[in-house]
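Taking it in order: structure first as structure tokens, then the write-up.
Just so it is clear, A, B, C, D and E label the chains in written order, and each chain counts residues from 1 on its own.
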Amino acid sequence: AAHAEAPPSANDDVLKIGLVYTLSGPAAALGEQARNGFMLFAEQNEMLGGMETEIIVVDDELRPDLASDKARELVARDAVDFVVGPIFSNVLIAIHRPVTETGTVLISTNAGTSNFAGAECNPNFFVTSYQNDQNHEVMGAYAESQGYQNVFLMAPNYQAGKDSLAGFKNSYTGGIAGEVFTELGQLDFSSELAQIAAFQPDALFTFMPGGMGVNLVKQYDQAGLSSIPFLSAFTVDETTLPATQDAAVGLLGGANWAPDMDNAANEAFVSAYIEKYGAVPGTYAMQAYDAAQLIHSAVEKLGGDLTDRAALRAALTEADFDSPRGDFAFGKNQFPIQDFYVVEAVKRDDGFYGTSIREQVFDDYVDNYADACEME
Amino acid sequence: MAETTLTDTRPARRPMAGRVRAAMILFAIFAALPPVAAAIDDPFLVLIGTRILAYAIAALALDLILGYGAMVSFGHAAYLGFGTYAVAVLSSYGINDIFLQVAAAMIVSALFALVTGAISLRTTGVYFIMITLAFGQMAYFFFVSLSAYGGDDGYGLRQRSTVLGSDMLENDFTLYYATLVVLIGLFWLCHRIVGSRFGRVLTGIRENRVRMEAIGYAPFRYQLTAFVISGCLTSVAGVFLANQAEFVSPAFVSWHRSGELIVMVVLGGIGTLTGAIGGAVAVLLLEEVLGSLTEHWKLWFGLFLVLMVLYSPHGITGVFKKLGLGGTKQ
Amino acid sequence: MTNLFVLQLLNGVQLGVLLFLIAAGLTLVFGIMDVVNLAHGVLYMVGAYLIATFAALTGSFWWGLLLMFPAAIVVGLVLEVLVIRRLYARSHLDQVLATFGLVMIANEAVKIIWGVSPLSVPMPELLSGSVPLMGPLQYPVYRIAIIAAGLAVALGLYVVVNHTRIGMLLRAGATNRTMVSALGIDIGKLFAIVFTMGGVLACFAGALVAPILSVDTGMGESVLILTFVVVVIGGIGSVKGAFFGAILVAVVDTVGGVFGPIWLRSVLDPSAAGQVGRMLAPMLVYILMAVILFAKPAGLFGGRG
Amino acid sequence: MLRVEGLEAAYGDSRILFGIDLQVGKGEVVTLLGRNGMGKTTTIKSIFGLLKPRAGTVQVNGEDLTGAEPHKIAHAGLGLVPEGRQIFPTLNVHENLVATARPGGKWTAPRIYELFPRLEERRRNMGSQLSGGEQQMLAIGRALMTNPRLIVLDEATEGLAPLIRADIWAVLAKLKAEGEAILVIDKNVDALTKFADRHVVIEKGQVVWTGTNTEILATPEVKDRFLHV
Amino acid sequence: MSRLEIRHLQKAFGALKVTDDVSLIVEPGELHAIIGPNGAGKTTFIAQLSGQLPSDSGDILLDGQSLMARSMAERVHLGLARSFQITSILPRFTVLENVALAVQARMGSSFRFFAPVAEEAALNETAMTVLAEAGLEDRAEVMASALSHGEHRRLELAIALATEPQILLLDEPLAGVGGEDAEAFVARLKRLKGKITMVLIEHDMDAVFQLADRVSVLVYGKIIATGTPDAVRRDPKVREAYLGEEEEAA
């Protein structure tokens, strides 16, 4: 509904932040990483932006219908200043309007759908991750650069899956050995693997988030296909490596960061995370950590006065903090402009499994939809 | 699910007066909610309330066939889908009038119910449950494939429905009361249907199908009619849900939603209408309340369900009866 | 093409056998004891978590498998005594509600005990690797082992249910508990044994797949509906039905998923075929079920409705 | 063998039995008579623990089994042919016989088939696919297969053809001759008086008359007053 | 009153011919009894007549009109009602409601969705009349499941009669009814005689020989004799197949 209410909570001096993440069900591991990433920074800096800080964590259960209510609860009842989250695109679509229309700032730390990057960009909406297509485009460009002529494509049969293959094809012009859509939540890939074995493509590109990815990676190894390059996005990362372990070592993914990046901010972040949670952080954690940094920097700039929304937005767009990923700036659609890499799964020196930078593919990459955004 | 009722020794239908009274009390509480929310400065309550009311409509509609016809439809979320997507699709073509949207939702639902019901009614019991699930899933994957409306990501609405050109539903309070009025109207309607000639035949078929045939009823026609009515009413709930959530998505159509509707009806006490409404309130409120208390609320909710079944065979209605409230003496 | 077809057929059979292991327990408990147990998928998940735990503790898949059995028996018995036992005389809907509650409890408990990150179980050395199949194609030994284990269980169950007195008593008890006990049989004990046995089978299935799938909190739910589909297609209470239903569902799913699009492309233009194919593929199993139930309202081998 | 004292029972709030006393000695044939709805079946149910008695005791061979689980009572040597047959529909005829059988006595499947040849012809038929009379034969056979020491028949000849009915009376007479105890409910009082030892007449949940066979034959008023035949 | 004609009716379950070329004419107003050993196919025959079971071949004519293509419900509307060998009622409806439903089936549309049926005086009064005839009027408000066996049998008949049939098919209405109740039941059927055409299956020979105008003997799917009660009783074939020697004494 069109509430032209006054910006909430502008009059008290507590900084309230609502986190909306998927914390139950099979995808909970992703939400936990993001929550941990955010909380890590928040706890290191007890007073974000120098203000007394209250953080409300909400589980969206990966149910968009529920999430829209929970987001509204954060805005209307808890009067938060920022909503941070979610992991999944469908949840983002559900909470986007309820949050932004009240003037509250929504910072997505993972989902970045094309509509909100383009025509529907919104002054109250910021993204610290990427536009959804970008990681796929990275892999497309990598496949192109390797001179592959015959790539097998595979993704789950749902919107993000379709988008991912489209994204890959944006930057890959070679031949397609086969294109398979698997069932969402499919556990056994024997049938698809048999096809790959039969086609013997130059490489496989796949997008298999969460448990699906774990299963695919294990079975890929067992099927003896390791000789075929495995290019992926959101499939081989720090949330799935603890389960796939050796089976994933050597597989490739596209990302905007990896835990072994060589800069001071990153070292501080990764070592603190490992110490606190006993696991290697993934991009989910890093991007949420950056969201906390972003809020911190902006609120500090304003001296804790959040009444002037325009000033708040201006402070946020400056993105004045040290991201573990290095270069970071907002484009005019308030999506990041950043570098992208091909990363490889490795067994780290500390015994954990993690991803490691293999090569940079894009430099200060702007997403394809920003032009359609008519902000500013 | 013909055999379902065999172990149930309650009378097929009990005097309605007590239940109607209980429903009246519920409606009065609903009506008092917005002023209370305003008084304690918590307008969010009204939004939750609207969602509860919308689900209550759906549960009520399901109880009509589940409680009175022993047709346990495990695909009823499909009709929520037709309702929500009627709003989304029509509004994307600039048609925002709620009456047109409801009409469209009902027509599509009636057709779907007619075809799938006719096929499903060849089976009974658990087979019926599963075949309705199959059709529900087909509807689900159909909505997932609607790329123009976001596929499984869903689709945000740009505005709520209008009433004869007025955008009064943009006000959360008005939307709430509109939903409440529809719920009361449909409760009254279902109440009359259940007590009518048609309702008695429907219940009779549930009790003993062969006997009903032997006195001259063709069960199929009555069951199918009830199935279609129920589907249409459920789609109305979908229209209000879409307006409440301001977005639509296949999530409304997943089998979890169908299951949740069954849980509401059974938890409330099947074949009582009032129970369905009470069940919707109980399930959604518990989710809210437990969810705000503990991260592991599902554990407690599950425990609650198990204990309810073990210790209160007739659901929440049973609890109230034991306390001497709401029910009538026999 | 034919090679691929044969391979997909094998894959279908392997998936089918696995489905059968889960469905067998469900159909027994459902058909024979007349209990709709939504928590059956949970047992499958628990089996996987148990072997993951024991295998990690002992460092060996085989020890893990061995230790899984007594633990599974305990889980089954506890469940039966605390909850299921009180549901025998209740309506199906009550059973649905209570066992749905159990699912929620179990999923949350697993999350509390084992955390949200997926676990994994190493493949036993003995069964890793592949055997050559016709031509250049290979087939993993472990999957062959799954097929063998499933077939053995199928045979054993068939004999028990259809050709032993226990089987007769179970079938009798399903329709008329009181009469069976009035004729001198302690049916409570009997049902406890069957429920536990069904639970152990589900746990066994979970343990079997642990080396090839990730062990996570969602695995129970993902098989539950499919298992019900299998049970219903086969006909409730029929072990034979569960077997053929499982194979049918799995083969249609695997083979149809691969060859359906190819066939669609031959009748439609490619982009329409792609779209229709993507819409139909996930529906395939449900379409199969609807068609079968339309033709045979009590499933392929079902007696009662 | 069986001793019932002061048995009271009710369905929910409606009390049906108000103190039934009844005994069946070894080798004795006792009938339970009464018009429709007087509580005969309810008495049987209470004895077998299918309905928990509200008061009174049920003793089998001196052991108090009041309200015990039905299978314990059956194990003490009671075999039941219930009202309404209650055949297991999903078992075939043969399975119906052997499923609950307690071997070791003189009753075996071949002997049952000898008794009811019709059952042998239909031995592969499912219980649900039997005619009413065939089901009745099967119910009797099934009870005999538990080799009971006291067999309880509740309207066991209902719906049987006269020929078969006569066969059953003959069987009961034979059982009696072999020393088995029988408790029987039947509306064919005349047939019963040919081999019963004692009769118990109940009305509205109470025993209103008991006596030996000779007494009932000698006092026709009993039949007129309580049974109206 | 109607006339029922059965021509060459057949029904087999697998290899078992349960109804084996049965032809029979039931004259208007007649009470025609069918007797025969257990498993002879009597219930099956009734089920075929009423439409519960499809027939393999043959024809059934009601007043010259073929019923073969008609559903069970349609046959009832044409005036063919039946009672069940094993009591079949609506257990969780009251006795009155059980009968009122049957009255409703006859009296007009059941697609009425709003008016409260419980207040329809016409239905309830007619039902009460039927119950009064059955001697169940003081049980009208009792849940049907709480009736005793004998009362169930009476209710069973009352429901069938409430559809005001032209032809009534009775499958062992006396099963389990004893003593006075049985006598009352027989008296009741006697009163109906001449008003309704009846087909009666019964193993109670007293009742059969008191009531029947004609008797047919069905043995394993075939009619082996038809005639007056006396003629049938004396038929040696019938004695051998069904009656035995017991009846001689009776």
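Here is the rule we go by: contacts are C-beta pairs under 8 Å (C-beta built on N, C-alpha and C of every residue); 3 or more make two chains touch, one makes a residue touch a chain.
Because the structure is a prediction, the values reported are computed rather than measured.
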| item | value |
| --- | --- |
| Shared interface partners, meaning chains that touch subunit D and subunit E | none |
| Chain pair with the most C-beta contacts | B-C |
| Most distant chain from subunit E, judged by the mean position of its C-alpha atoms | A |
| Taking each chain's C-alpha mean as its centre, the one farthest from subunit B | D |
| For subunit A paired with subunit C, centre-to-centre distance based on mean C-alpha positions, whole Å | 35 |
| For subunit B paired with subunit C, centre-to-centre distance based on mean C-alpha positions, whole Å | 31 |
| CA centroid of subunit B to CA centroid of subunit D, Å | 50 |
| Subunit C and subunit E, separation of their C-alpha mean positions in angstrom | 48 |
| Subunit B: positions in contact with at least two other chains | 5, 8, 144, 298 |
| Numbers and ranges of subunit E residues touching at least 2 other chains | none |
| For subunit D, residues contacting two or more additional chains | none |
| Every chain pair meeting the contact rule | A-B, A-C, B-C, B-E, C-D, D-E |
| Touch list for subunit C against partner subunit B, complex | 30, 34, 36, 83, 86-87, 89-98, 100-109, 111-112, 225, 228-229, 232, 236, 275, 278-279, 282-283, 286-287, 289-290, 293-294, 297-299, 302, 304-305 |
| Subunit D residues within the subunit E interface of the complex | 11, 14, 35-37, 41, 83-84, 118, 122, 129-134, 136-137, 155, 158-166, 187, 227-229 |
| For the subunit A and subunit C complex, residues of the former touching the latter | 23-26, 28-29, 32, 157, 162, 179, 181, 183-185, 187-188, 190-191, 194-195, 197-198, 211, 214-215, 218-219, 222-224, 239-240, 242-245, 279 |
| Footprint of subunit E on subunit B - complex, ascending | 5, 8-13, 192-193, 195-201, 203-204, 207-208, 210-218, 222, 225 |
| Subunit D - residues contacting subunit C, complex | 48, 50, 69-71, 74-75, 79-80, 82, 86, 88-91, 95-96, 98-100, 102, 126, 142-143, 146 |
